[in-house]
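The two complexes that follow have chain A in common; it is paired with chain B in the first and with chain C in the second.
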Partner chain A sequence: MAELSAQASQPAANTRKRAMSENLFGWLLVAPAMFFIAVIVAWPLAETIRLSFMDAGLGGEEFIGLENYQDLADSRKFHQTVIRTFYWMFLSVGIKLIMGLIGATLLNAAIPGRALFRVLVMPPWVIPVAIGCIGWLWLYNGYFGVLSGVMMKLGITDGPFEFLAYKSSAFYSAVVTDVWVGTPMVTLFFLAAMQGVSRDLYEAAWVDGAGRWYRFRRITIPQIMPVIVSMALLSAIFTFNSFEIIWILTEGGPRSATTTLIIDTYKVAIGNYKFGEGAARAVVIVVLLAVFSLIYLFFLNKINKRYGAK
Partner chain B sequence: MATLNLNAINKSFGSAKVLHDISLAIEDKEFVVFVGPSGCGKSTLLRIIAGLEESTSGSIHIGDEDVSDAAPVDRGISMVFQSYALYPHLSVYENIAFPLRVQKMPKDELEERVQRAAGILQLTEKLDLKPGQLSGGQRQRVAIGRSIVRNPKVFLFDEPLSNLDAALRGDMRVELSQLHRQLDATMVYVTHDQVEAMTMADRIVVLNGGKVEQFGTPMELYHHPATKFVAGFIGQPNMNFVPATVLETTGALTVELDGGHKMSLPVDTSGVRKGDTVEVGIRPEHVTLGDDGLDVTVNVLERLGGISITYGTIGNGTRFCASLSGDAPIHQGKNMRLTVAPEDCHVFQSNGNVLRRKSAPALVA
Partner chain C sequence: MMDRYTKLQLVGIYAALAVFLTFILLPFFEMFMASLRPLEHLFRSPYQFWSDDFSLQAYKDMWVTVPLLGRYIFNSIFIATSVTVITMVFVVPAAYAYARLEFPFKNISLGIFLGVNMFTGAVLLIPLYRVLRTMGLLNTYWAMIVPGVAFLIPTGIWLLRSYLEKIPRELEEAAFVDGASRMYTLRRVVLPLAVPGLIVVSVAVFIGAYAQQFLFAITFNQTRELQPLPAGLFEFIGYQSVTWNEMMAAALVGVLPVMLIFLFLQKYLVAGLTAGAVKE
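Up next is the complex of A and B:
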């Protein structure tokens, strides 16, 4: 009897052993990635959180608890920066999505030279952002810029107009440049999604009398909705954290008109060496983006359920 | 009245001509099947009727109306696609209601029409589901439902059963035939499957290389194929074609088949001369085991129970298929003798045209 049970437990022990070694093998496979995540993401994040409770500068660190956060909560300027950042994000992403939809629809239409247009869409995305922005700096220049020149010729302005010198024109100019940089990616993703929509669906709708707009609204949009939602989230995060465009164009000015959270954080932490206050701002950004992403994922899930059910 | 008349339809894609002078007169309430091999132009022809494709020349009349230049929706047709083309994000109800929503039909009437279509197609229980939650056959029915609600004059079907498995296809064939009777509408159906064509059609259009080979009832095509192509396409298993030399043309046509067997065939002999090479078409189901006749070597024997199908060769390697009784005393690798009644034979000239048979079974409707 004992012999029998020993025999029976032998394979079980083998299975357990194999499971163990498979487990170990799995951990070995993910170990390099885990290591890099720890070094590149986890440790800096932990360090940032730690710093945010400190009065930290070039002179040293001192624990001050929640004072940095208290200061942010009390600062009207910071509140304005948060509101400005969300306005910047929603405006820019909204325009990118709409332009992306229009662009993708045009590029998806059977027009002659379509392949050429598809290539022409790419440069803003392919050119390094810094170089593109320097081009825009010239465009916005009052004395040498083509925009100001055209406006003068048309009699819209009397003299040279410095786009980046006034609060609201600087803000919207930065939005335009950000849209210019960000639209190609959105367009290409939408185009790819549109090409995945079966031609039969359009033909069936056409036979049933649906016009172009109706087909776009009732077929194209729902069919690519998961991609629209994903792109909106990605684009929102990129735009929220967009740094180099604003920095090159205006450095956050004039009079903070283009200062978003990320610019503000950089100015405080790196510009003024107030590492503790900067860290607190960075943590606020992480929390805001995390909350935003969670809400977003909730909707994405709903939309995928609604539109993506296969 | 929804007759469908095609007059000299031509279609070219660039330099490639895919349809040549197609003229057909389809009667009201008729079920017509376009059948042919891949690339014969049958789907293109259907798409031209639907208005999804423009013909290069020719005109289309539905009823008394010339619809050649009309938009699809103004032609009074509806179409069922091979892929079903259901909107995955809409429920079954909304899929069926789609054409009516486009028309902005009042709610009550829309509801009534969708419910009626769902009733006919046994989809009432499924109206809230999404297409992804349905089986292939049910999706097919939703696609048909969407075409029914518009009360079209002509229904167009583009290979609607080709995505279904064999058993379901058989069921759907029956359902479609019943639906045709129930709706009493003109239907045009495209398929590459000759069984679907034979079982469902009132009349069949056999297309080959963009031309109409023959337009007739299933039994007309079976008993009186106009060309070798039609003869080979219609009937399962396919007709055998045995090369033969003409020995005599007075009265009946006397030929010597590949393998030396001589036969005197009751066909119209005008246009053939002594010494010509022709092909004798013999259907596998028209041969019987005998003591003399065609000498066939059996290479493969398939016993299906009720019948046995043999694949073999005669003469100089001409392939020959025979459909015999289930327990016919034959063996793989052995020879057998097959007899065939002369009046069951078809004779084709080298250009593929048939020599008219003088005696053939009376056609059944």
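Up next is the complex of A and C:
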């Protein structure tokens, strides 16, 4: 505000000059970061799109038009991978959001020791994902892991159960690990949002005799809705892109049971040196991610209107 | 008072918290327990919950079994530190511009930065591999540092921008009136005031850089001496006989640096990172 009034008192020419210098200065400050992103992200992205029209490998490149995409469209295996990826994403994100809401509500309760509990939630968020996965690899071990051990003690299984050796148990084990990695961030963002909700609202409702569940449903949830939507999208992107968890636990196996789009792309492009086919898969991923983001913006807009974001 | 809980409710809350925290902390607990057991005891089946021969031997032996362990930990810290420093050099000016200045395409360019957050390196690996090869950076530290920086710049800009917006404009205006140039104002007025924010963002970037090394390391670097810890340990899992107790000990020692930094700064970090979630 002060800037505006100061400028208004100056002659117009001077103001224009200052605006010019601000334009230039602004771009000067942004340019280095922009350039870096252009070289390391934007250009490779363009290159990925170009490669997706090529038969490219270690030997060289040859333009083949849409053939790579045609192959994907015809491949039943690829269809299964897409469906699996979406199932993986919706399941994992859904559980993360529910866990996050429960966790944040518990950590928001006015009880002794909550400062400590809040710190204890964070480790999976802070440490490298790869290290956490090495820990999970150990937990899932059939002979020496605690999970199989507990199941044997309880008599659920007779012998050792290798979680990562069977198709469906490997898939759900990977989901559990992904939920473990993602839950702390979701929880802490929900907690921060809950702490930002005005106490007056709760007190007014409480005076009117509203119970806890009613207050949670009619005050907390609507008030933190924008954050819930943001976290849903962010988690969706992270989960969709999740590479390390699956790679370390199963490398996409057994028999492709945990092969998501990212894993498939990596295997084809880096493992088998089929650069063109890999690039076509990467483009499919980018398009899907862009669609998510548009849906997200649409919803966020709608929610902000409905709940009157300030 | 509406915050008062009945005894039963309290028990319920603590019980639910116990379940929640067990899920979060179980892997760490089991890693720690495994690191304390002798190998032959570890491979005893069925699983035993308690051992009578706990020892710290694995923490000694791991340096022999994984001869490069010290090097891996150093590499992890070195790469993360380099990424942090370089990222901040790019982030500080850009974040200031987005917080304070009006310039053409401001919103569009900010949108482009945030769009980068949508990708992981995994999508761009093939061309990135070629870019790095052309630059002659494959199998060097730079192969892991350069992509790391690119994927942390957007987050850094986003976090620092919201911090800088909270610094009162009046101070800069006063400097302008006194005839200070923009560069001078940025260096002598804004940056000193932004030190707490710079620290929070740097630590957030460092933690991110420490965490994201795996993919770039296994794809762009074949030099064993340069591998960061997660990639170095992962290589060992593929071996015939994994000395799990030492693996776990090494993994725990490897996360110690970030855990310590985090514990000291967690209050500021969480507040800084979740700032966007709180309405002003």
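Quick notes on this one:
The definition used in the following text is that the second predicted complex is superposed on the first by the 284 of 310 C-alpha atoms of A that agree within 3 Å, B and C clash if a C-alpha of one lies under 4 Å from a C-alpha of the other, contacts with A are read in each partner's own complex, and residues count from 1 in each chain.
Here is the rule we go by: a contact is a pair of C-beta atoms (placed from the backbone, for glycine too) under 8 Å apart; a residue touches a chain by one contact, two chains touch by 3 or more.
Because the structure is predicted, anything quoted here is derived from the model rather than measured.
Of the two partners chain B and chain C, it is C that touches the larger number of chain A residues.
Of the two partner chains placed around the shared chain by superposition, neither chain B nor chain C is touched by A:Leu58.
By the touch criterion defined above, A:Pro222 reaches chain B but does not reach chain C.
Looking at the shared chain after the overlay, A:Arg306 reaches chain B, while chain C stays out of its contact range. Once the two complexes are overlaid on the shared chain, A:Tyr214 sits against chain B while remaining clear of chain C. After overlaying the two complexes on the shared chain, residue contacts for A:Glu203 are found with chain B and with chain C alike.
In the superposition on chain A, A:Pro123 contacts chain C only, with no contact to chain B.
Once the two complexes are overlaid on the shared chain, A:Asn23 sits against chain C while remaining clear of chain B.
Counting contacts as defined above, chain A residues 203, 206, 309-310 meet chain B in one complex and chain C in the other. The touching residues of chain A, counted against chain C in their complex, run 2-3, 6, 19, 21-30, 32-34, 36-37, 39-41, 43-45, 47-48, 51, 99, 102-103, 106-107, 109-111, 117-124, 126-132, 134-139, 143-146, 148-150, 152-153, 160, 180, 183-184, 188-193, 195-196, 202-203, 206, 227, 230, 237, 241, 243-244, 248, 262, 265-266, 269-270, 275, 278-279, 282, 285-286, 289-290, 293, 309-310. For chain B in complex with chain A, the residues that touch the partner chain are 50-52, 71-73, 77-79, 81-85, 87-90, 98-99, 102-103, 130, 132-133, 146, 150.
On chain C, the positions that touch chain A within their shared complex are 2-3, 5, 10, 13-14, 16-17, 20-21, 23-28, 30-31, 34, 42-49, 89-91, 93-94, 96-98, 101-104, 106, 109, 112-113, 115-120, 122-131, 146-147, 149-151, 153-154, 157, 169-170, 173, 177, 182, 207, 210-215, 219, 229-231, 233-234, 237, 244, 247-248, 251, 254-255, 258-259, 262-263, 266, 270-271, 273-280. Contact residues on chain A toward chain B in their complex (touch as defined above): 198, 200-201, 203-210, 214, 218-219, 222-223, 225, 306-307, 309-310.
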